[in-house]
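One chain, chain A, links the two complexes that follow: it is found with chain B in the first and with chain C in the second.
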Partner chain A sequence: LRCQHYPPLRALQASAALSRVSDEHKKEPLTSPSQQQFDSHPDGHQPKQEPQGPRPSYTGQGGQESEDYESEEQLQHRILTAALEFVPEHGWTAEAIAEGAKTLGLSVAAAGLFHSDGSELILHFVSECNTKLSELLEQEQKLVQLGEAEKKPTDEFLRNAVEARLRMLIPYIEKWPQALSILLLPRNIPSSLSLLTSMIDDIWHYAGDQSTDFNWYTRRAVLTGIYNTTELVMLQDSSPDFEDTWRFLENRVADAMTMSNTASQVQSTGEAVVQGLMGAAVTVSN
Partner chain B sequence: PGGGAALRLRSTRAPLEGINKPVIDRVIRVDHAGEYGANRIYAGQMAVLGRSSVGPVIRQMWNQEKTHLKKFNELMVAYRVRPTVLLPFWNIAGFVLGAGTALLGKKGAMACTVAVEESISDHYNNQIRTLMEEDPEKYKELLQIIKQFRDEELEHHDIGIEHDAEATPAYSVLKTAIQLGCKAAIFLSERI
Partner chain C sequence: VYQVFESVAKKYDVMNDSMTLGIHRVWKDILIHKMNPSPGTLLLDVAGGTGDIAFRFINYVRSVRERQLQRKLKHHQNLSWQEIFESYQKDRLNLLGDSQVVVCDINREMLKVGKQKAQHLGYSEGLSWVLGNAEELPFDDDKFDVYTIAFGIRNVTRIDLALQEAYRVLKPGGRFLCLEFSHVSNPVLSRLYDLYSFQVIPVLGEVIAGDWKSYQYLVESIRRFPPQEELKEMIEDAGFFKVDYENLNFGIVAIHSGFKL
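Now for the complex of A and B:
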């Protein structure tokens, strides 16, 4: 399906005009009216590939660039990435997006492509951080396989992974509480939850988790709890280089390890007791 | 990269490239749950009939199911599939079904085996159809595994028939009830 190349500026002006009309329909993501508009053109817009429909996918990678053609999703990706630079000053807002668009040589009306509360910007940021974390963990894994690095014990691995991921928040830490509250909006919860769960799953995967029973859920639930509480501690931490946060993290991970050790001890004690009772029963019956 | 020729780096991402993840997820999750349940059913049967004359037969079928489960454990890790939340439930339900039908006697246990194995074979056949429709080349390994397991489940079914499953009192009622349960289990395990 070869598609016409839409010059980005025209596309944005069209979207901006549309966004004013669609402002009443606040429930729809702003991208879908513009998407439909493009689809009605005879030489249609490149149809979205991802299974989630017209909304840009935050859980996967963006589309591939084929030659000159840039999809709308890739353009939005670039604008949001450029906007991140302005977040510390403007917060997660349309202003930041507008500034980002300016640095790309686009009209500030580009901010109209997105929701005014900065949802997409935040989700984009979270998705980027998760991708960076995955790549980091993949690199580490390669080094261990090549024998150039030691395999870390589980608690150290988890601690390092969570710390690495949380450190990505540091440049934006002032504005992060605002971001968290937006991520908790009912509209955003499916996406933010999905991003959180896939990040936690990634960490456990690279930590070498091979559970195929209920432990799969227990481990992820525990790590999610550790991550979320550490994140909240970090927001209120004023110690140099967040050392209080990392100490908190260390303690929580240690707690989790103790809990799991205790659980397996309880289980094996229980099994031993049952065996003892069965033995006693057999003896008595004989 | 130095030494790269001799050393094949196994990225854990390799099996995941280019597959239809939602479909494969479901396939592996439900099959894993199924083999897990089958294991528990045979365990229940052994608990009651282990020392009877059909003990060795049941044990042999149980051992094959253990191999199946082991394979799906491996596939689950390789394809990074989430196990069904209902596993603890299948743990108990499977054992209860196995022990319960075994308490009906040797024929009862065999009837249960026949019912379950027929359901599983049908289910595997459906999956083979689905995967063939998707892309037989891409899923060659998985298809091979499922075909082999389906054949082995059919063997179990035949063993059950040989051992007078059909002579069980209320055979058709029992069989229908068990197969309905299996259908429900399959439906739920695919999704939850």
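Now for the complex of A and C:
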């Protein structure tokens, strides 16, 4: 059946096939007509199943173009997520993406949708990790609000948050250095930097620290420094369950806390010194 | 069109080299690089008579496969000799990693020249030669991973039909790639290009292939061919997504790419 008569109704064949694959957990040949209804289609559109053809048509006409566009992005997301499974074996490469596409029932040529150096895959992974972290922190905050958990002191909170985030790297740790180097490419720096800063901001947001010891920029910079250095230490760590890394993290966070105390001490000492000088000046003038 | 190619079949490669001063090789290399095929890819090369794209594809896939095997070997440090030997045996017989290319052309003479070239250059595995019409391909639906047509689409009478056929035979997720002469927008270059095309190329045609008229036709068909944006729209009309084009040499040649999603 050709759908050429209905150009405005063309649907993403692949996304229909994808949902079929995911719904039934087995690969179905695409030319065989299927009679199933799928209600909770992840893309949010409701294709009507026609008994004679494999191509569903949209029941809704509104926002046709935007639905197609949305599905393309979602499809790309799905491919990248599927590709992550193959990263330990193939690295952050187009090959991993090709294997991911294959598991979704797509041709390996779909890897051509992305850049051949794997940048998008890495950025996708980082953004997914950040989202997971936010969700974790959100849940923790809810528990505290409900009174089911105690609010942690700042240093413990930061330690736990950074550790949780870094633990997400563990399955991919072997190939992570490669990923870092790709993230540092000039082309990728804007995206990778913005992902990093938003993650750090998120952590501070949930830390809810109202102390005026640090100002906002210092806080960001300090935590970014802690995160980056701990990440690098982790890459070289061969201790069981990365315990050396977590100890390093603990020390760095403690340093940061002391630094803040020292800073405020310096500030108050400074004030005291100035007052002393003023007093001395007044005395001398008299 | 058939007769044009019948007469130029044998001299096709030589003429390509002299007309484009050998740059066509670079264009074709760029096409394959853009494709970035992984082992196990099934390629359909339409109007690919003398096999240029097919051979490049095989070379590329072979080198990717070699790298893959090397990486596997590195991981084998901890296996027993027996295991290493067994996996080596299995992989050794699979140097292309199951990749295949089907060369399809409407012209028997072009296919013949292609087959001879393949034999001469030592390409034996993973190649098939099929006689067929781009407007009505003799293949089933959802078969191929990549469809290429290099310098062939301008010779198709009904481009829209060829695009529809391309869409049909590609697997979901499959890619359409088209390498073709296109529109030069830079006015200075355009003048020079016109001069070269209309004055030099037919002369070369006469001198090398003994055929002025065919190459006159060639140059005119290039001028008549729709420019980049228009071709992009035609490809989108056939159902392809993420359609894009890349100009090579300021638009003398363009690579259009689309996905069946």
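Here is the rule we go by: the second predicted complex is superposed on the first by the 198 of 286 C-alpha atoms of A that agree within 3 Å, B and C clash if a C-alpha of one lies under 4 Å from a C-alpha of the other, contacts with A are read in each partner's own complex, and residues count from 1 in each chain.
The rule is short, and it goes like this: a contact is a pair of C-beta atoms (placed from the backbone, for glycine too) under 8 Å apart; a residue touches a chain by one contact, two chains touch by 3 or more.
This one's a predicted model, so the numbers in the text were calculated from it and none came from an experiment.
*Asks:* First (chain B), second (chain C), both or neither: which does A:201 touch?
*Replies:* first
*Asks:* One more residue to check, A:81. First (chain B), second (chain C), both or neither?
*Replies:* Neither: A:81 stays clear of chain B and chain C.
*Asks:* I'd like to know which partner A:101 touches here: chain B for first, chain C for second, both or neither.
*Replies:* A:101 sits against chain C, while chain B stays out of touch.
*Asks:* Based on the superposed arrangement, let me know which partner A:146 touches: chain B (first), chain C (second), both, or neither?
*Replies:* first
*Asks:* Considering only touches as defined above, state whether A:224 meets chain B (first), chain C (second), both or neither.
*Replies:* A:224: touches no partner chain.
*Asks:* Is A:138 touching anything from chain B or chain C once the two structures are fitted on A? First, second, both or neither.
*Replies:* first
*Asks:* Quick one: is A:111 in contact with chain B, with chain C, with both, or with neither? Answer first, second, both or neither.
*Replies:* It touches chain C, and chain B stays clear.
*Asks:* Which bits of chain B are touching chain A when the two form their complex?
*Replies:* Those residues of chain B that touch chain A are 3, 7, 9-13, 22, 32, 72-73, 76-77, 80, 82-83, 85, 87-88.
*Asks:* Within the complex, which stretch of chain C touches chain A?
*Replies:* 34-38, 40-41, 68, 141-142, 144-146, 164, 170-175, 237, 239, 241-242, 257, 259-261
*Asks:* Could you list, by residue number, the parts of chain A that touch chain C in their complex?
*Replies:* Chain A residues touching chain C: 2-4, 7, 10, 12-15, 17, 30-31, 68, 72, 75, 94-95, 98, 101, 104-113, 116.
*Asks:* Which chain A residues qualify as touching chain B in the complex?
*Replies:* 51, 138, 141-142, 145-146, 201, 205-206, 210, 212-214, 216-217
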